[in-house]
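Report on the following structure.
To keep things simple, chains are lettered A, B, C and D as they appear, and every chain counts its residues starting from 1.
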Amino acid sequence: MSNVLNKHRAKYLEGKTANYIPALAQVNPSLAGVAIATIDGDVVGAGDSRVPFSIQSVSKIFGLVMAMNRLGDDLWQRVHMEPSGQAFNSIIQLEWEKGIPRNPVINAGALLVADVLVSHYSASKLAVLNYVRRLADDESVFIDNAVFESELKHGSRNAALTYLMKSFDNIEASVPEVLDHYFTQCAITMSCEQLAKSMLFLANKGKNPCTGERVCSKKDAHRINAILSTSGMYDQSGEFAFSVGLPAKSGVGGAIVAIVPNYGVICAWSPPLNGFGNSVVGKHIIADLAEELGLSIY
Amino acid sequence: MSNVLNKHRAKYLEGKTANYIPALAQVNPSLAGVAIATIDGDVVGAGDSRVPFSIQSVSKIFGLVMAMNRLGDDLWQRVHMEPSGQAFNSIIQLEWEKGIPRNPVINAGALLVADVLVSHYSASKLAVLNYVRRLADDESVFIDNAVFESELKHGSRNAALTYLMKSFDNIEASVPEVLDHYFTQCAITMSCEQLAKSMLFLANKGKNPCTGERVCSKKDAHRINAILSTSGMYDQSGEFAFSVGLPAKSGVGGAIVAIVPNYGVICAWSPPLNGFGNSVVGKHIIADLAEELGLSIY
Amino acid sequence: MSNVLNKHRAKYLEGKTANYIPALAQVNPSLAGVAIATIDGDVVGAGDSRVPFSIQSVSKIFGLVMAMNRLGDDLWQRVHMEPSGQAFNSIIQLEWEKGIPRNPVINAGALLVADVLVSHYSASKLAVLNYVRRLADDESVFIDNAVFESELKHGSRNAALTYLMKSFDNIEASVPEVLDHYFTQCAITMSCEQLAKSMLFLANKGKNPCTGERVCSKKDAHRINAILSTSGMYDQSGEFAFSVGLPAKSGVGGAIVAIVPNYGVICAWSPPLNGFGNSVVGKHIIADLAEELGLSIY
Amino acid sequence: MSNVLNKHRAKYLEGKTANYIPALAQVNPSLAGVAIATIDGDVVGAGDSRVPFSIQSVSKIFGLVMAMNRLGDDLWQRVHMEPSGQAFNSIIQLEWEKGIPRNPVINAGALLVADVLVSHYSASKLAVLNYVRRLADDESVFIDNAVFESELKHGSRNAALTYLMKSFDNIEASVPEVLDHYFTQCAITMSCEQLAKSMLFLANKGKNPCTGERVCSKKDAHRINAILSTSGMYDQSGEFAFSVGLPAKSGVGGAIVAIVPNYGVICAWSPPLNGFGNSVVGKHIIADLAEELGLSIY
């Protein structure tokens, strides 16, 4: 694992750290880590695998599981599960499809999910944090307030997406509340090891392999993996399926989490992003590990 | 398998047989068949599993394998591998993306592939037919001339797509030649059993399990399955991954072929289509079989 | 004029009163009025020509003149003057053109103008009201608070447009302030006679013919008439130019104001709208008067 | 007039001669001419006002008049009269609006008009040429065969537009015939003086002022001027109305023809184009003349 990390580490120079908010732009671009957690309970890491970072869009998975558990299949009346064929923050398709987001892992869809959580939990922000801490089995997971404030301040596009959905009556709570929840969720801060561990239920048919606790139904674990396969890597999802072959989710903080069904979870992290918003180094690391270990699901 | 077929058979009334060409509109809508071919060499069928039908867009897979083998990775300079988020015959995205089709299994992409074949084979139409016959190990596979003529006559939209690509210098041959090849390929006529058998290499890491012959590299078999997973079911691909969990390709003739890696291929057929252009009964059959046999790849 | 009014009056049944806010939906749909004000100082009316109504988008002209006077040609760096080819409240083109509205008389453009006014006047809402009162030479012009409140409550789409522009750094003030100004302006309440009179400067090379006061430069009067000709009637602007041939602006309150250069202004009003958001009866009245009096500018 | 021409002549360096076909790219970019024909019968020119050039899209007006005369108002079932808000050769809007072109002076609309002519004249190409010769009162007007051949060879995008309309059943003739007519029409070759003269009927309520012959009804002359005002200058039409204020049509050959109702016609020509496809020098010349002579219609 170290060798793969070292092989690709220098490629961080080919990417650009997300700069739309100051809090993300300040992260040291040369940091890089990778961790594998298996359903047998092993967690191994290399590089900066214990350095916490902003998980950003990876948090969409946590919100989604919670909303699926709360709303059941009614959720799919309000958000679809088709790949978008558009940039992650596109407003065009949302207009075409009358306020129904294409899937829950583009921004519009995750904002819709945030609306579900705000409307169904008395303290949705705390609920998500606690949920993640339990999944990671680690109370040190925290919300980075500087990141949160920074995103809120630069959140005009997400506000536009949410107001547009509201104009189609697809948002129940007030828009500021939805944005407040959403940016809080994005500001969750975790390390590669924590993230890999917290997602193991997706590799294990919905059950947390450490505690034996059921996080979601087997069917829903399959469904989330399916959504990640077609849509988890923004508008590079097809290429990622094509060249790597694993369900995965990336975040503009530089993380990529890939699920290996019946085996475990790989999390790679390096802040600089390619033009699609995916970590340059992270993608290389996961591609190599997937090939080396023969992990493609296809 | 018969019980699954019988359970869903009557649902053909919920769909509409493709009527844009007379030759397809005339098919008896109540016909329905299903076949499973396994990499161990078994082929079992139920219902009208030996009745030949027009395979239409399922043929895109055959063309794609041939083009990948001929052109290697250069192919991906001329066609991408992202899901489209648009109808299968949309011209809008082709304009946005300057004549590069989103993937090889929407019409624009398959027309691009047809251009590759026309340009690299002296007799590309015959070459495809022979290729399919060898894969199916069956010389009775044929091209339905009435379907071909009918499509050519109603082929204005496909002509528009091809001319638009040509205007971006992404078509090498003459447009009429490309269309001639494309419609010939679409008019290939096969049964469920033949189709299932002919696709076994995709479930078997690129090797034809019957003959041991390598059809494509292991990597390319993975890649094709990845493309089918994100894009094979038109604009219902996400939903199909979500609810079924198998790489699959459908055709407006009413066929759906689903690949089960390391196991085999399921082909279901019933002419009436849903609003996305996918066989109503076929989708139900494959969904039930996949669930019953626990085949989801996710 | 009465005969033209009476000829078309019953056609209000073919339209639908704007119902997106309760305050507009309650207006009696059978009301109808028309007034002509000439640059010679005559004002003649027929029907309900003195009944006040919500002028809605007609107010975009007042805001535009004020912003042009304040900002000069710098305004055209932030909003273009091209017809949109899209619905009046479309967000798609705003995304394509990176937050620069196509013209100042679609919603996005008028919200941009509102931002200019909010940023350049200490009390922009009062300023607009006073401006209009002076143009109409009538202190009874007022802002309907029920309409204002109602619009604010149902203003999600306009909020989405404004936040999207802000995300492209094309909004200076806070979004709630901009919306507050915009909805206030829309809620200005006037009669046909008042509206016709207040727009005379556009028919008179920029000068108020009653007071002799210069409202805007001759050049800017031409420019506003040009914008109204290509874009004033929403996505029916081309058809209106084609069949009527006058610069005009409509509002969802049911008003249409048409400028006749060097002659005067016609204002017709009847609440029920056609599918483009233009008053059914109002359009018929103005078309007939324009033909009868030979007023087409083309 | 010479002074205006000389003032702007050197600006041809700011533009780029159309280079999509060799025949146009070869024209000397420093040529420039201007002519005014008045309804009183005067024709005055300056610079290269008698040098013939390819009139290209200006020919759309001739085709349109002929089709309006033949089909009457039925024409407007097959083509609309709204500005497009898109580039002149966009295929996107044609798809959205199901094969009905936005207006008759974008490419799709002119191709539709060509289909009307092909279907209603036994020798439509000759008919157009004779029509133009009569309007210009000059038998020397001719079709440049090299331009025609060149366009046909590079006509893939226009073929795509036509096939797309045909797929919506909005083209009656065969596509190659339509293209043949269209490119012939585009290849008509005239000078500024000839063009100005041939359009006088539009400034004269539909009557040819020289012969007294009625070319079209007064209403149709108004309508064509209205279409030119909202759509004649491609996606710069709004700006042209805003800054010049005259109905006008440009062609990629470098011509701009502007109609001055009840006065005459101005034709300016200089090959290099701006980013919208309009002659750089031509636009400056017409803007200056319109301002100097106070010709704005608004």
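Simple rule for what comes next: a contact is a pair of C-beta atoms (placed from the backbone, for glycine too) under 8 Å apart; a residue touches a chain by one contact, two chains touch by 3 or more.
Each chain and its UniProt protein: A, B, C, D = Glutaminase.
The shown structure was predicted, so the numbers you read here are calculated from the model rather than taken from an experiment.
Steps from chain A (Glutaminase) to chain D (Glutaminase), minimised over paths through touching chains, total 2.
Using the average of C-alpha coordinates as each chain's centre, C ends up farthest from chain B (Glutaminase). The pairing of chain A (Glutaminase) with chain B (Glutaminase) is characterised as same-residue: of all residue numbers used at this interface, over half are used by both copies. The interface with the greater count of contacting C-beta pairs, when C-D is set against A-C, is C-D.
Averaged Cα coordinates give chain B (Glutaminase) a centre that lies 54 Å from the centre of chain C (Glutaminase). Once the centre of each chain is set as its mean CA position, chain C (Glutaminase) and chain D (Glutaminase) turn out to be 33 Å apart. One finds 46 Å separating the Cα centroids of chain A (Glutaminase) and chain C (Glutaminase). In summary, the structure contains touching chain pairs A-B, A-C, B-D, C-D.
Per the touch definition, chain A (Glutaminase) reaches chain B (Glutaminase) in the complex via residues 80-86, 93, 102-103, 221-223, 225-227, 229-231, 235-239, 241-243, 245, 247, 261, 296-298. On chain C (Glutaminase), the positions that touch chain A (Glutaminase) within their shared complex are 90-92, 95-96, 156-157, 159-161, 163-164, 166-167, 175.
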